[in-house]
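There are two complexes below, and they share chain A, which is joined by chain B in the first and by chain C in the second.
Take a look at the complex of A and B:
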């Protein structure tokens, strides 16, 4: 039976139900169910977060200065971004200003994550949705070399290089032990690349795997390790001592040089490998412009990368900030994260309970009480689910809405807003890419557009790394060595009660943490994360979220092999451990859950 | 060529890697394990004669930091581990297949490699709500975990989640998340704690098993003693400042800039057993203390519930650097150190022995 959602999507669950569980090549646990019509076109989509960890419940009563470490463990893929959001929330609550150097170093940490995360996402989580590994075996190495050299100056491009790689791949496949490539959808009709492009992409899959471990060394210098580098309320933990006694061990000339050389490599890899690959792959998928979902109508970005320390106004933020609704690109709404009527979370279709589930709650006043139950039309049993009932509760993800609207967040949202604001650094690369591919602006609103925006942003982030590293060095040169403000380090300097909000643009989109502090301890903590926005189930009005919207109307070549579903879901870079967070106003309730 | 006769050495030679490079790899890997040239020769021999062992890498409640750490490995490269050393037949994070094509691999592995695959577990199972706080394929993760453990040769517990419980098991542990040894009782488990563990420690453990054909020597808590037997504090390059009474008193003070000891700002190095101050992180670039923040003790059981990360330790065990985790460790009785030999037969990998002798030491083949 067909219905139309308030946000304009037609749903029909009459056709055959296809279940994909587990959805792989994502962070965490996720399930998706779709209904396809007689032509195998997706007419209904149900996305489900299938894990719940309760980290914010655990935060209650803890030292706010420790919160960054707990929340960092929400996600090890977007490692550090929750920690940054957390220290910002605590600083906002307590009125702590950080030094300029700390702002530059934090930006460098965050941009390093953007570059790393986007690169690993494209090559290791997403590429196999576009690239047929087995087809690469039939490529002509010479032609592959010609292709590679026609699109980039990257030196690893000789016929011999690709011949050796193909030989290695062939022997790997011939061994019969396919490892992570086992049971892939090789030969699927939705794969469109010629063998040479596949071989080139496989080569870069392996090169990127080697290179990603280099980029993160920037985190290791400033944060001591990666994944999960260290952060500090009030600044950054790494002191600066360029040429004094005991400089070894602090940020010194050798450390700055190490970071600088990695930034150069990151820019080179992004511009000579990632972007040319994206463009080459995109040129073969120009006809596959499904998966737009909410991107052409409703997008949101909180903005990030402050130019000036402690200045989180729109003018200071280098990543764009604002909301676009109903496809009106000429009207960008401002965001106030402290306004109780803007960001709200609903649980009507989530495995949680509210006293009144018709209403949403602002994060400062959030309630979470887990309540796992299947709807009357679900098939299977409570511990062996065959099909979910989306008319009832069906996900551990809540439904956040901005003034009641479902929005998409992430690189594409940021680029759409930046484009709409007419900012050259976002608009020009988009226009150039579309022109090169011979595509209209509307092509941006697609799975391919989402994937392309991520690549463009990776290049932007790599260049911004250079900018902030230079800025850091210039500031040190000017005599400013300060990296931390400890005026309000001890709890006796804090007010009895305080509340704050911190935000970032994580690789996957808008991220906010809301904190209440009472008597020096965390009284309430809530994170609303990108995949909560994108992967949200329906709200009380029936609006669908970005994942579900993007899957609709996509034709599947073979529903038994759900390549198209994976392709579109992966274009969001889902992070389920992030999305299935929880907070309880009355966290103690959680402790009474029966221990079996 | 059939999979049964595939060896690490065959694969890398036919991939164009020279004998010389192979030997160099063995030397480097042995060195990274703190072993000498004799061990390098043993490693070379082992890798020449062994098939690639199937590895099933499952994810429970976790944050994927262990997988992310694993792919950071510099020696050996993650790429070479995945393509040449093991057969990573199932890993939700990296595998091409999804849905029932992914599920089929689990069944096939249980049947085809019964008793011959390694189960690597990242994250842990929640027991509340009948296990449905972590659903995988429509079922509780804990059930699938137990099934796959039943037919595994050995189990690796990656990271603090699988080893101890980690952040989701911190008080009040709303999902009742438990370390995997609470639900897997019938297999030897190697605990590789840390949040996450160091990349080269992770690949080092795998290399060790493949090289020496057995489990690494484990301490009383089930950790490989080669990486977890000494405190961060005992090998910390800032230790002389501790001994000299030179401490950072406040963030970014003069002492911080001089690299003094972080004990007074909460460093947990004196109570934490890990290889951070020796192996260091991300190819040896740094480790938390070197970059100015105290150790938060992330490889220790229950490290989330031992007060603030900035609280000063009040009880440091007074003992010399010669003491090991076992010597001052828990008085746990009857803890088993299991040794599993990986058979070098040409046709199959199979479990040979599971010795229950806690005193068995230094008996490398």
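Take a look at the complex of A and C:
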């Protein structure tokens, strides 16, 4: 039966139902069900997170100054970005200002995460949706070398290098384990790269794996340790001792120089490996421009990376802030995260109970009361769901909406907003990439556009790292060594009741934490994470979220091997661990596909 | 020699936290020999590959669903570790950790020895909950096993005269085990 959603998408669930479960390559668990028509084109999409969350259950009654350490454990990937959002929420509630050095160091921590996460996502989680590893075995190393040298000056590009790499890959594949590559649909008709491009990409897969050990050293220097770096309400935990020689945790000249050299490497790797690869891969997929979903209509970014400490205005935030609705790129709405009528979470189609489910709740008033029941048209049982009933409750993810609108968040949303604002640092790289690939601006609104925006943002973040590192060093040299403000450290300086909101742009999109503090303890704490925005189920009006919208109208070469679905969902860099948690223990294979 | 003692898991999900809690307790009770690193790996997945690749010997604590009685410990070694974690319904991190091992292999930097000390969980769905009694009771024996294994590798840890105080432990800011698990009268 065909319907049109209020946000402008046509849905028809009459055709065959395809169930893909799970769809993430990393921790977390999500499932998608689609209906395809007689031509195997997706006409209905149902995205669900089959897991549960509610950090307030754990945080209630604890010390607000420790909340970051708990939120850092929600997710295995964006540990630091949750911690940063948390300390900002507490500082906002209590009116605590941080020193300039702390602002620069926090920006460096956050930008490091952007670079790290984007690299790992592209090479280790998403590239395999575009790159056929097995095809790389039949590449000619000489031709691979010629290809690599034609697109970049990166030194690791000799025929011998690719021959050795191919030998290692062959040995690995012949051993029968395939390891990180075991879940691919190798040989699928939707793979378009020649063997040489595949071999080059596999080589860079390994180089990126090696490089990540360097980039995380920045977290070790400024956060004291990694994984799970330290954070501090009021600033950053590591003191600056320029002439020090190894006091534990202190930032000295030697460590500042180490960070500086790693930033140089990050810029080089991004500009000489990641971007050329993105462009080379993109050039073979120019006719696969599906997956745009909400990106051409409704996108949102909270903004991040403040130029000046404690200034979270649009002018200070270097990552763009605002909302675009209904495709009107010339109108960017301001965001007020404290306004009860803006960000709201609905549960009409989520497995929770509200007193009145026609209304959404602002996160300060948020509640998380699980209520798991299948709709009348679901098939199977609660422990073995064969098909969901999307007319009823069907996900453990809530539906956040901005003034009632479903929006996409993430790198593409940030770039669309930055482009619409006419900011050269976002607009020019987009225009150049599209021109080089011979594509129109509309091509940006696609799965490939999402993947490209992430690569461009990685380069932007690497350059901003250089900017804030230089700013930090200059400020230290000018004699400012302050890294923390402890004026309001003790609870006796706090009001009896306070509430605050902290926000960041996590690698995968807008992240907000809302806190209520009462008598020095946490009274309520709600995190609305990027994958909740993108992966949300329908809302009371029937608007679909970003994942669901992006899957519509995509043709599938072979519904039993849903590479196209995985490609589009992976392009969002979904992280279900923080929006949800594993409830069932099965589903160890990447995707069990059921056609009904 | 470089030895890595790694605890993996999510402390927010009851027995899921076994690996991290084991490495935390190991650190409080024993001083490690030179060249032995202890790491609270959390749920970092592929991000742990470089630490693993740099280790010559690797000892891992994790919650593993062996289908045994709750709290039962089982040690798996060498080539059995990835194979074992490859079977269905074993560890919640297995996709992640199995990939970590494979990626280290592909990088040609696979540890020469790997030992996995797995503990059978009872409850993995108690959000914010403590280790269950049988799993908590297995922390001590798991550490004793680990001490023996390290001794066998020629890097025996030394029992501290007194356990380190919680504030000197691997996990701070109210997520050390005692603070995390304390009853909170004001929590509903």
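By definition in this document, the second predicted complex is superposed on the first by the 569 of 596 C-alpha atoms of A that agree within 3 Å, B and C clash if a C-alpha of one lies under 4 Å from a C-alpha of the other, contacts with A are read in each partner's own complex, and residues count from 1 in each chain.
We take it that a contact is a pair of C-beta atoms (placed from the backbone, for glycine too) under 8 Å apart; a residue touches a chain by one contact, two chains touch by 3 or more.
These numbers were taken from a predicted model, which means no experiment stands behind them.
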item	value
Joint occupancy of chain A by chain B and chain C, clash or fit	clash
Partner chain in contact with A:54 - chain B first, chain C second, else both or neither	both
Chain B versus chain C, judged by how many residues of chain A each one touches	B
Which superposed partner A:290 touches (first chain B, second chain C, both, neither)	neither
Chain B versus chain C as contact partner of A:414, first or second or both or neither	neither
Contacts of A:74 with chain B and chain C, given as first, second, both or neither	both
Chain B versus chain C as contact partner of A:172, first or second or both or neither	both
Partner chain(s) touched by A:228 [first = chain B, second = chain C, both, neither]	both
Chain B versus chain C as contact partner of A:237, first or second or both or neither	first
Touched partner set for A:66, first chain B, second chain C, both or neither	both
Contacts of A:209 with chain B and chain C, given as first, second, both or neither	both
Superposition clash, chain B against chain C - the stretch among 167-175, 239-247 or 347-355 that is involved	167-175
Common interface residues of chain A - those touching chain B in one complex and chain C in the other	25-27, 52-54, 57-58, 62-63, 65-66, 69-70, 73-77, 79, 120, 124, 168, 172, 177-180, 206, 209-210, 212-213, 216, 227-228, 230, 577, 588
Contact footprint of chain C on chain A as seen in their complex	25-27, 52-54, 57-58, 60-63, 65-66, 68-70, 73-77, 79, 120, 124, 168-169, 172, 177-180, 206, 209-210, 212-213, 216, 227-228, 230, 521, 577, 581-583, 585-586, 588
Interfacial residue positions of chain A with respect to chain B in the complex	19-29, 31, 50-55, 57-58, 62-63, 65-66, 69-70, 73-77, 79, 120, 124-125, 128, 133, 164, 167-168, 171-172, 174-185, 206, 209-210, 212-213, 216-217, 219-230, 232, 234-241, 244-250, 258, 370, 372, 380, 382-386, 396, 481-484, 486, 489, 561-562, 566, 577, 587-588, 590-591, 593-596
Of chain B, residues touching chain A in the complex	1-3, 6, 11, 14-16, 52, 54, 59, 61-69, 71-74, 77-79, 82-83, 86-99, 101-105, 126-141, 143, 166-168, 170-177, 195-196, 199, 237-238, 250-252, 256-260, 276, 281-283, 285-293, 296, 298, 304, 308-310
Of all residues in chain C, those that touch chain A in their complex	10-13, 39-50, 54, 65, 82, 88-89, 92-96, 98-99, 101-103, 105-108, 124-125, 127-128, 171-175, 184-188
